[in-house]
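Have a look at this one.
Per-chain residue numbering starts at 1, and chain names A, B, C and D are given in the order in which the chains are listed.
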């Protein structure tokens, strides 16, 4: 048993942390959010240079082929910085789905392009007026080989060079120019409506040996890690605030109620963090990683909301002032809650995967 | 609008309160519980003399024919005193079921006997290895007019003079001598296995216009009121303890964590209390009393557990010492939780009754 | 017990008068949610005009004494007025003047006759809108820790300092506030309460956009809070209400009003919209409400909202019947806040990401769900945080071997007047 | 990261030795739940005998120094020993001597050489069973508020006072305790730590039956706690450990052990029984686990229990790897306690009234469910209430502008030794 990080994992984590400190200051994120900007495309170049776009891509396709924990640490640090980007959608979700397909030249070409940063492949899955019942339930019918239809709550669709769509018989890669995208307003972050009107889809990527939901196991883990990183930051902010904010002549952290908000946050964070780490290990070592990935992701989704709520209790009014920065994390806690299926749905999947 | 009690309601409430103070001191209940005694049959005589056995029985059958709120106040005070008795099962549940039957001489005779205290009619409904799906789902088949089968978790079965059993076509009243009863050990209070072996059931009471679950509306309200009374007492005990128990040189009620336990208890209690009062009014005034009775009962069941847990946090170790008396209430909070169906089932019934 | 309001023939007659007047005077679109800042401002002007018209009738502040421009009406009539305005999605005063409502309460209890004559009529007739200026950057929950000073200089007090999280958009005509008048004085005995003309030189305002921009009950996305700076602001000494260094007691009057709310007997509009949404919107090819899981979640939500409604009703009745309250106001405030925060996740679970967007096509409940997601968070804190509400509840219950406190500590006369104000 | 223990060939060889010895020496029925007090006592005697046999091997306290009768074993071997005894439903020491475990930790850190020689061998070899005597009627969470006095009189200390919620059934041979040795001294600087022979004249014991009688990990329904009275009990002065009036520091050693637990990597046995029950028991004509609602509840329960297991595993590893801990022990204790209380209702919802009875026919999970219903409540409080655990967590986190505390404040040597003790 060894729950410490390897040297190379520490190195990766620290390099992402330095990137975030250098390139994504919180003030800039606050400014972007205030200006209605969704993300900064310049980061994509930097991500590709660092190899993170290919973190989960096999070395044979030019990727880093990282173990799941190393990949999770990248996302943990991005989450800690509340960095908005299509990286999760393209380099984790789509890469997972592609790796779940049968081998083909088309597949490897896409993986290679994702790794080198020339392709941002966004999965466009969610159907309007439908609950999430897994990837397989999102398939669109083709009419005469043409794709027509609408997908909603597609993350970072405006950043896409291509979309990944489920259709009867497999997955289709559709150039972004062939679709129209529209940002959905409100509290949700970077969610879009994507409309396809009679798009020719060409050759399909055929399913592999396991279901697409299984293929998303690593994506669930890194998505959860992103939320864990956000919780870590909210904990640090809350502890700091409880120590510096003085009311009734004393730092508010002396009040048991304030302490209890922080303890709720801590517990939510640690529960998610260790579920993520163990799930990453389970996948790496071949121990029901699918079931554990559902556990990690559903725990992180629930925890992130609990943590954000607790952080808001600690901060009171200033926490709701977007200039302060806490709301960046609050918004993420909500926006990612159902990105890979609701926690309830994920727990049902977990029960099945556990073989109960 | 007038949320005050009428003079006669205050009178009834006070008379029960005085009865409890005089006849059911907590020390005696603690002794009985320690000795494994389930209840004191002598109380039945006193209940009958006071008319409470016929609280909900029509005046035409010798009952007090009280409005639901007045009846609820009787049970609230009994619950405050943690008084164990078959009154709820016989004079509320069975009376409700009987009143839901078509009129008949047999029905009125039973109601009259319940009111005058000569009959203690215990509903024996729950089937082994079955979830609770409403009264109708508890029917036993008759073979050649004979009842054979087992009912479980029957409350206060040892006090019964008769059992009320659902069979195909209606309700049967079975003399207690014709059944064998066995106390189920453990945390649950006064729950029995009742076995019928080829009992002739005679004429059945035929169903009336509404379902048996509807007939139990008032029973749900008074059961909830019993739990509300328990919560009131737990609140008083907790406030008193928080003021007298000194730790770290100060009454523990000065600590925010202790205050928060008490506030949880208060909120749980008040939510249930007002749901009960409004449900009683709704029935009396013909405003979807069925739906509101489900709301009141499910709220009270959830609240009672929350309240007992909070009271235990306030009291710490001494609360778990049965001599102290708190565990009388804790045990009731658990034992009554599913007496009339689980809170989840009740909420589903509520949704139906609300016409959603 | 009787949980419904019953009406006398006199009340029903008054209702006729009210509905007829409202039908004739309430402009169209006054309950509509604005989509732009311009629409928001136009709506505000409509409401101000309506408020002034109501003021002329004495119906803007129906409980206010007639001599000061109020309606001088009894509870029987006030209840009818509130019901009929609520039916139109309004309220009394029509939502834009919670500051006037609370400030007037303090002035009625603590003001001199002259002050009542000067300050109340503009409020009661709708001539002015008032904001409360309490919180400072370093004094939120700890209101007595304010730093803004008001130093006497002849006939004026000179104000310096700043207040934060103030008011909303479209400005106000009056500010009332507390400031330190005796910098060397003891805590709670060094502050005074003032009613100030917002146009006094030296006052500047800076908008502050929160996660939830709305305030004062508006379903208005385009609003904001404000930071208000006082730079040598000279306020006439006769604007001090309740005596120098007596401001903490004066504040206890409006804090009680704010913390406790006044109770109400309305069903939560979010619930109404949620149920309607689930009944009418399709998901997976059937109305959401036919999905057993959704049904269960709805029932759970309803149960928790009913607890809040019932305790609000209890409070309403206690005020109505003149019952003495203790923990009741803060309990309901605490439950309402915590339930609304819980509700954000419950609705999210029930409706999915549709609850997170205000998009015209996909936003659930016409965008109300999305708004609730934000407001459920933001509204934890104004008017006493959930932590502070629990401080009050514990004190009122007498937990911790303290004498149980009554609500407000206003004394009998104050209590009675307050009840009248709040009713 | 690697979440599983991997074993060296040396460990696997040691495992062979252990399993062979256990197969030969562990009597039948030692993990069976007794049904009467007599069975309980017979079982206790069996375990004592087994403990002594383990003691001879040095396997009862494998981490203890060999010179004092311990095993002198390293972590590699200890882990194997714990796994193999756990497989038999036992533990080291076989459950009946948590007092010895904690008391020995303090003696190792604070005792003189002479005291270690006198006190440790009887514990390590299983000759004695020890109880900790800490709580008093007026000093529970506030341990420093104890009133029992131990006044020096020549070569002895004279004890007067009482301790409550002590031990379990079947008695003990040694008591260790803290008592006030300087009644006029300052809080935390007026108490001393003693190891006492339970047969000393003047000590009387009164049983105290709690809602849940079990203690020390036993699934034993027939046990109880005790009140222990000290009436002019004369204890030799050389039983004082760690110096006069230094008892608070000595106590911090065992409190750390008690509060933090040592972490573990076991799956909750209640979960194992619950899953098995749902797989095998029929309800409404099918296995419970095939009911979608039950399945969902099971998944929710599993998720929460997994959080506790994972944090226990983390703590286990931190001790194992010699990592410095801060809030970790109290966090896990707090989560375990609150999760177990939550679990009572979750299991009740899942299984219905079958969870409330120990009836042989109807009691779910062979009665384990019913026991969990009671223990989930009772176990909130011993070894630091949930409120106290939160005090510790907040201090360790450094919340409230205090210096973040490390676990235990034992100094490096103490930490290292403690880690060894706990491993």
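Criterion: a contact is a pair of C-beta atoms (placed from the backbone, for glycine too) under 8 Å apart; a residue touches a chain by one contact, two chains touch by 3 or more.
Remember, it's a predicted structure, so these values are computed and weren't measured experimentally.
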| item | value |
| --- | --- |
| Most widely separated chain from chain B, with each centre as the mean of CA atoms | A |
| Chain B and chain D: spacing of chain centres that average the CA atoms, whole Å | 40 |
| Rounded Å distance between chain C and chain D, as computed from the means of their C-alpha atoms | 53 |
| Junction residues of chain C - those touching two or more other chains | 390 |
| Residue numbers of chain B (touch at least two other chains) | 255-258, 260, 344 |
| Chain contact topology (line, ring, star, complete or other) | other |
| Residues of chain B touching chain C in the complex | 1-5, 69, 239, 242-244, 250-256, 258-260, 262-263, 266-267, 270-271, 274-275, 277-278, 280-282, 285, 295, 298-299, 344, 347-348, 350-351, 354, 356 |
| Residues of chain D that touch chain A when the two form their complex | 1-6, 265, 275, 278-279, 289, 295-296, 298-300, 302-303, 306-307, 310-311, 313-314, 316-318, 320-321, 327, 331, 334-335, 390-391, 393-394, 397-402 |
| Complex interface listing, chain A residues touching chain C | 34, 126, 128-133, 152-153, 184-188, 191, 193, 246-249, 255, 257-258, 305, 308-309, 312-313, 316-317, 320-322, 327, 330, 334-335, 337-338, 342, 344 |
| Footprint of chain B on chain A - complex, ascending | 255-257, 260 |
| Interfacial residue positions of chain C with respect to chain A in the complex | 135, 138-142, 145, 164-165, 208-212, 281-284, 291, 293, 341, 345, 348-349, 352-353, 356-359, 361-363, 367, 370, 373-374, 377-378, 380-382, 385-387, 390 |
